[in-house]
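Dropping the structure in here first, questions after.
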Amino acid sequence: MNESVWLPLLVIASSLIPGVIIFALAERRVKLRTTLNLCGALLKMALVGAMLWGVYHGQHYEVRLALLPQLELVLRADALSLLFVTLSSVLWLVTTVYAIGYLEGSPNRSRFFGFFSLCVTATVGLALAGNLITFLIFYELLTLATYPLIMHRGTEASRRAGKIYLRYTMAGGALLLVAIIWLYTLSGTLEFTPQGFLDGIDEQHHPALIIIFVLLIAGLGVKAALVPLHGWLPEAMVAPAPVSALLHAVAVVKAGAFGIIRVVYDVFGVDFATLLGVTGPLVIVAAITIVYGSLRALFQDDLKRRLAYSTVSQVAYITLGVAIAGPIAAVGGMVHLVHQGLMKITLFFCAGNLAETLGIHKVSEMNGVGRRMPWTMAAFTVGVFGMIGAPPVAGFISKWYLGMGALEMDQGWLILVLAASSLLNAAYFLPILYAAWFCEPSGPWPEERNFGRKETAWALLLPPVVTALLALAVGLLALAPFTPLAWVEFVVQREFVP
Amino acid sequence: MVPSSEIPWGALLILLPLAAAILCFVWPKLAVVTGVVTMLLLTLAVGGFAWQLQREGLYQHAVGGWETPLGIGLYGDGLSLLMLAMTVLVGLAITLYARSYFNQKQARVFWPLWLLLLAALNALFLSADIFNLYITLEMVGLAAVALVALKGGRDALNGAMRYLLATLLGSLTYLLGVALLYHSYGTVDLVLLAERIDNSPVVWAALGLMGAGLLLKTALFPLHFWLPAAHASAPAPISALLSALLVKASFYIFLRLWLVLFAPLGGDVALLLGLLGAVAILWGSWQALRQTRLKLLVAYSTVAQIGYLFVAFPLAAAAGAMLWNGVSYLMLSHALAKAAMFLAAGNLLLFGGHDRIAELDRAVQRLPISTAAFALAGVSIMGVPPSGGFIGKWLLLEAAIEQGYWLLAAVMVVGGLLASAYIFKVVGYAFTRSTATPEPQSIPMGMEWAALLLAIASILLGFTAPWVFALLGIGDPFGGGAP
Amino acid sequence: MSASDYLSVALLITGAVFFLAGTVGLLRFPDLYTRLHALTKADNVGLGLMIAGLALQAESWAVVGKLLLIWGLVLLAGAGVAHLIASGALKQGVRPWKK
Amino acid sequence: MEKVTLLIMLFDLLLGLGLLWLAWQLLESRNLFKAVVLFVAFGLLMALAWVRLDAPDVALAEAAIGAGLTGALLMAALAKLPSRDKSEPLADEKGHWLLRLALLLVAAGLGYVVHSLPESAPGLSAEIANNLASSGVNNPVTAVLLNFRGYDTLLELMVLMLALLGVWSLGIERSTREEPVGPVLTTLVQFLTPLLILVAAYLLWAGADAPGGAFQAGAVLAAAMVLLLLAGWPLQGLLTGVALRLMLVAGPATFVALAGLTLLDAQLLAYPPQHAGKLILLLEVAATLSIAVTLAALFLGYRPRTNKEPG
Amino acid sequence: MNTALLYSLVGIGLFSLGLYALIVHAHLLRKILAINVMGSGVFLLLIALAKRTATPLPDAVPHAMVITGIVVTVAATALALTLMVRVAMENHRAELSDQSQE
């Protein structure tokens, strides 16, 4: 066994093993649990760093385990998977710190952190998946691992949310399963291949392939919250804030979006997908989702629900970038995977802080909150500007590339969509900023907790500030080496441009 | 010292539990020790048998030195081995569980019955003689009935009676078929029958009779009417046993007969079986979803899961050995998962004093190990990866889609979704807050771990398929050569 | 046919007549006790005649012995069981039939 | 084939119709007691049918077990049912014409199949005849039961044991009525018991060469014990505990032991030909004992306990 | 029409009659009787067919099978009857009950 085999396995194990141990820990072993969590997260980051270095220098990481006589579980680190793996492992560390602070003193923490670790394991696994069946396995594992997190609070509302979440995701998983098996019966392989593995298939199967594409996108679109499959996402807001942060920024919606990238680029291949004529409709679905999500967000008073609809809209950018089927747009879409993650996680951390510290859940309660919690709201502001796409925050980069990409492919009308979306983003986010910074508090906070001179606990404050800074940094330094943008361009060069 | 390769493992698998049962019967004080030791020895014997099969291929033994057709032939191939291994795996867990479950008075009856049942199952899986199979079937049936009724109680007694009538009817119908086949072909040996069989009215009649009898015992829709009552009302380890092993035993015979005797006869029959299987999946899952009692839910889930085994029949002609591999795998993983579920359900029932699903929350939260067992087993039942159930369903779906049986494929997928609905209906309670605090009952560790280990095994099966398929190919039970 | 054959036939037919009479009695008599009476007549006498008829045809004395043993056993069982049934019925309060 | 004269034909026809008629009567009778009595009669007619079919071994088994013991079991069970259960109106049968039609079709189909069977089938008579000499006995049925297919018989003894275990776990001990049995029954039993034992011994001994054998002998012996139990002999008090259990397992245990010993020679249940006769006799003696005690215990219906044992 | 065929047809008749009664009647004793009648039918068929050999002697294998079958049936009947008595005590009548209770 050499490094190229054990490194991917270790990356998986670094969250799986702590997770399993944490399940078995008694509730009161707080220190041990925290240590395990943080060590796992740090170790994973270190391992991923090593792997990044290796892949950049042409090292090939691959593990295979036979599942069925002709089908294997394949873990492979290519440049694209590393993009997602890195995002996951960095944000996992941050979210873990946040969750430790957020859940302090609440019950069932062993269960929570156990599933939390499983969730990250699943995310990393599907990022590293080297074929569709491996992807499917981790995709379903992700469903199973996030369900308990959504249900964590144990209230009637969370039961309802869990039920709805399951309905959507299990159905999505079933569609994916059928599509994958069908594909397998036609192609005889499921291995992710740059430019896809389907162009050799007999023309008579093309209609079937179109259906398969639709099924795949539908299965993945559930998690990616493409309209009309987004219904579970706003409901899932009842979960604790770190969970929402994780779901929205890293794990679930990104798994869907990442899957769409894989399907379009590594299963069908851009050219073949264009030939089949399936990318055009996908662009339209993505565009509709972008506008629809923003419109719905406008009318939400509940802060987390507003953020949720914003996610619906923002994640569709990734799909859009992929579906436009040009290299520049691809860069925009893929880099948004990272950028949206950083920005959205910041926003959710902040929303969690408001709820945890002041009991604020609604936009209408946020008057003057900027003065009470300046650091939190500063981070929030960075996130908001990113979302709107204002330079120099990361969101601007994504939108720029998307727009350029659309023009490149003669899809100029998409500029209008992007512009409309930005306007809507501004419309639903700026009033929040205005209220927070420029209005007087309208009364006492709903449920204030006292943290002495600090505005809130350290573990709650640091994560949003860090992610906000990161979001700012990747925007400012976009052209430096090893930024997400640079890496995405590296990905696109290596894999998509013939 | 006999070299271990010459130890007659096959025969020992039958004789050992028989001798142990006699010992337990005569000296009840030794019952628990004998039971546990025998179970361990059986595990060893299955290991030895597997090793022997792998080295020497097909196992054939003429009992009494009389060659067939006069004598009785023992016959072991990969499929038999799989069934034996399944029996031992589930058996280990049940033994561990039962050690703490029964009181002294019940244990006195349980252990000899359980050992006789093990002997009967092993004998059944190693027999290639259709009359001998009748006797083993009766042994299995009567032992099971006695076990269902072991703890008494109205539901259990009613369930046992219903089961007894069904199983006797099934065996008699089967025997009538045996009579016809014997008269026509002058042998009751499966290998010889396979050589001699032709397409005549007798074969059709025998297929109808033996098939009906066995399907009744397997509880294929619409012959499942007896199953929910019996499986739900029995003591927990017995429920596990019934759902995990017993329906599989009669299915195994049916599959054998189908493979060697009847498959050439009927595409239409196969299609009928497939349709019945499909209806079973939908009906069973739907009923499971409607139940308000946990054990009934699990029992109806068995009705549905049996359906999956039959969906394969219309696909088999074109799909070949790999499909049967999938069916066998589904059988194995269902056995482990369902046993785990029933054992876990038994713990919840024991702890809470009831099994009303809507009031389970407290019990579910106090017994995390049992709940985890239930959930993990549920994953395999749903056919969600990674699990043994996923591998089995993948192969079935692959065949269905490849051959364009869209209806069957759709039913399988819908069945999986319904399964997730009824399983999460239960698992959901693990996360809700509850106010009631009944006096906690303590559940022995062994009983919780028996369930969990089985469930984990059913998940791990998701990674062992190629290895199991290689063993399954010994003796080429499904025809068409090794994969 | 020899004389013994004729005798056999005669004995068998007479025996059959007794059985017939017993059967008619079983069906037609008014109560349990009288029916038992009819039945035992058929058993004892009818069977006796039949045994005698068959014994004439026997090939060896051993067979004759076996036949007689059958008769004896049936007599014993018939009488015993009839007694048990009758006394059981009396105990349960079944009244004998009176005209 | 025997010559089928008209008279014999007529007899067969009558017997066959009689069997069907009795079956119908017993299944449809309103009175359950009557049904059970008719069942015993049915069993006896069945025994007659076996004789007609040249199956004296089966006839003996049927008469002793099928009619005799099953009848006793049915009677005993009937006595334990709540009294109003014993003659209940039959189910409403208006809706059953479809079922009747279906079953009629099934029966007709099966009849057709049987009719289509070859007039004379291969069977295994030739194989049995060829191997009878080395089987250790001369009665082919005994040879099949205890040698050629002895493995079946081993498992079958286990079925008996299983049933007994079930009955013991379910059966409830009844307070025995201390009614005087009367001199007639006592005398009858005193006379019959030794005779039955004698008959059993004869059947066992004869089984090697002529109809008879362990099952028939065991059943007759069981009948003797049932009679004793009916006559109020406290067998259940005399035979308890380990002694009883040892007797119950004598047959299976001997069989299993023999199977284990033969396994040392790597051939399950293969008797050395020179000892086959003796081994079979040994097996039969043990099996007779076990069968007899098991059947009687099944009739008793609950587990007899020593005084020391708690209930 | 010969003896063997006649009796095999009777056997089939008994089997069907028993099956009918088993399905139709609710009383458990009737069901148990029905099973026994069905069994007799099967055994009759086995033995009757055994007579149809080329040799003058009937085939002994089915005879042995039927003896085995008779013993199995009596064992099953004993168990069924005991169970019936218990069920009758619980249900207050010797019929199966459909409703379950705690």
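Order as written gives the chain letters A, B, C, D and E; numbering starts at 1 within each chain.
Here, a contact is a pair of C-beta atoms (placed from the backbone, for glycine too) under 8 Å apart; a residue touches a chain by one contact, two chains touch by 3 or more.
It should be emphasised that the depicted structure is a prediction, and the values quoted were computed from it without experimental measurement.
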Touch graph components, with chain B removed from consideration: A | C, D, E
item	value
Each chain counted as touching chain B and chain E at once	D
Starting at chain C, fewest touch steps before arriving at chain D	1
Identifier of the chain whose CA centre is least distant from the whole-structure CA centre	B
Identity of the chain that, by mean CA position, is farthest from chain A	C
Maximum inter-chain contact count - chain pair	D-E
Whole-Å separation of chain centres (CA-atom averages), chain A against chain D	74
Cα-centroid distance, chain C relative to chain E, in whole angstrom	32
Gap in Å, rounded to a whole number, between the CA centres of chain B and chain A	43
Between chain E and chain A, distance of the C-alpha-averaged centres to the nearest whole Å	67
Interface hub residues of chain B, defined as touching at least two other chains	131, 135, 138, 142, 145-146, 149, 152, 176, 183
Two or more partner chains touched - positions in chain D	110, 114, 117-118, 121-124, 128, 148-149, 152, 156, 159, 162-163, 166, 170
Multi-partner residues of chain C (each touching 2 or more other chains)	none
Every chain pair in contact, whichever chains are involved	A-B, B-D, B-E, C-D, D-E
Chain D - residues contacting chain B, complex	109-110, 112-114, 116-118, 121-124, 127-128, 131, 147-152, 154-156, 158-159, 161-163, 165-166, 168-170, 242, 245-246, 248-249, 252-253, 256, 259-260, 263, 266-271
Footprint of chain D on chain B - complex, ascending	6, 8, 11-12, 15, 18-19, 21-22, 25-27, 61-66, 69-72, 74, 106, 109, 112-113, 116, 119-120, 123, 131-132, 135-136, 138-139, 142-143, 145-146, 149-150, 152, 176, 180, 183-187, 200-202, 204-205
Chain D - residues contacting chain E, complex	1-2, 4, 8-9, 12-13, 16, 19-20, 23-24, 26-28, 32, 35-36, 39, 42, 46, 49-50, 52-55, 57-58, 61-62, 65-66, 69-70, 73-74, 76-78, 80-82, 85, 88, 90-91, 93, 96, 99-100, 103-104, 106-107, 110-111, 114-115, 117-126, 128-129, 140-141, 143-145, 148-149, 152-153, 156, 159-160, 162-164, 166-167, 170-172, 215, 291, 295, 298-299, 301
List of chain C residues in touch with chain D within their complex	73, 76-77, 80, 83-84, 87
Contacting residues of chain D [partner chain C, same complex]	182, 184-185, 187-188, 191-192, 195
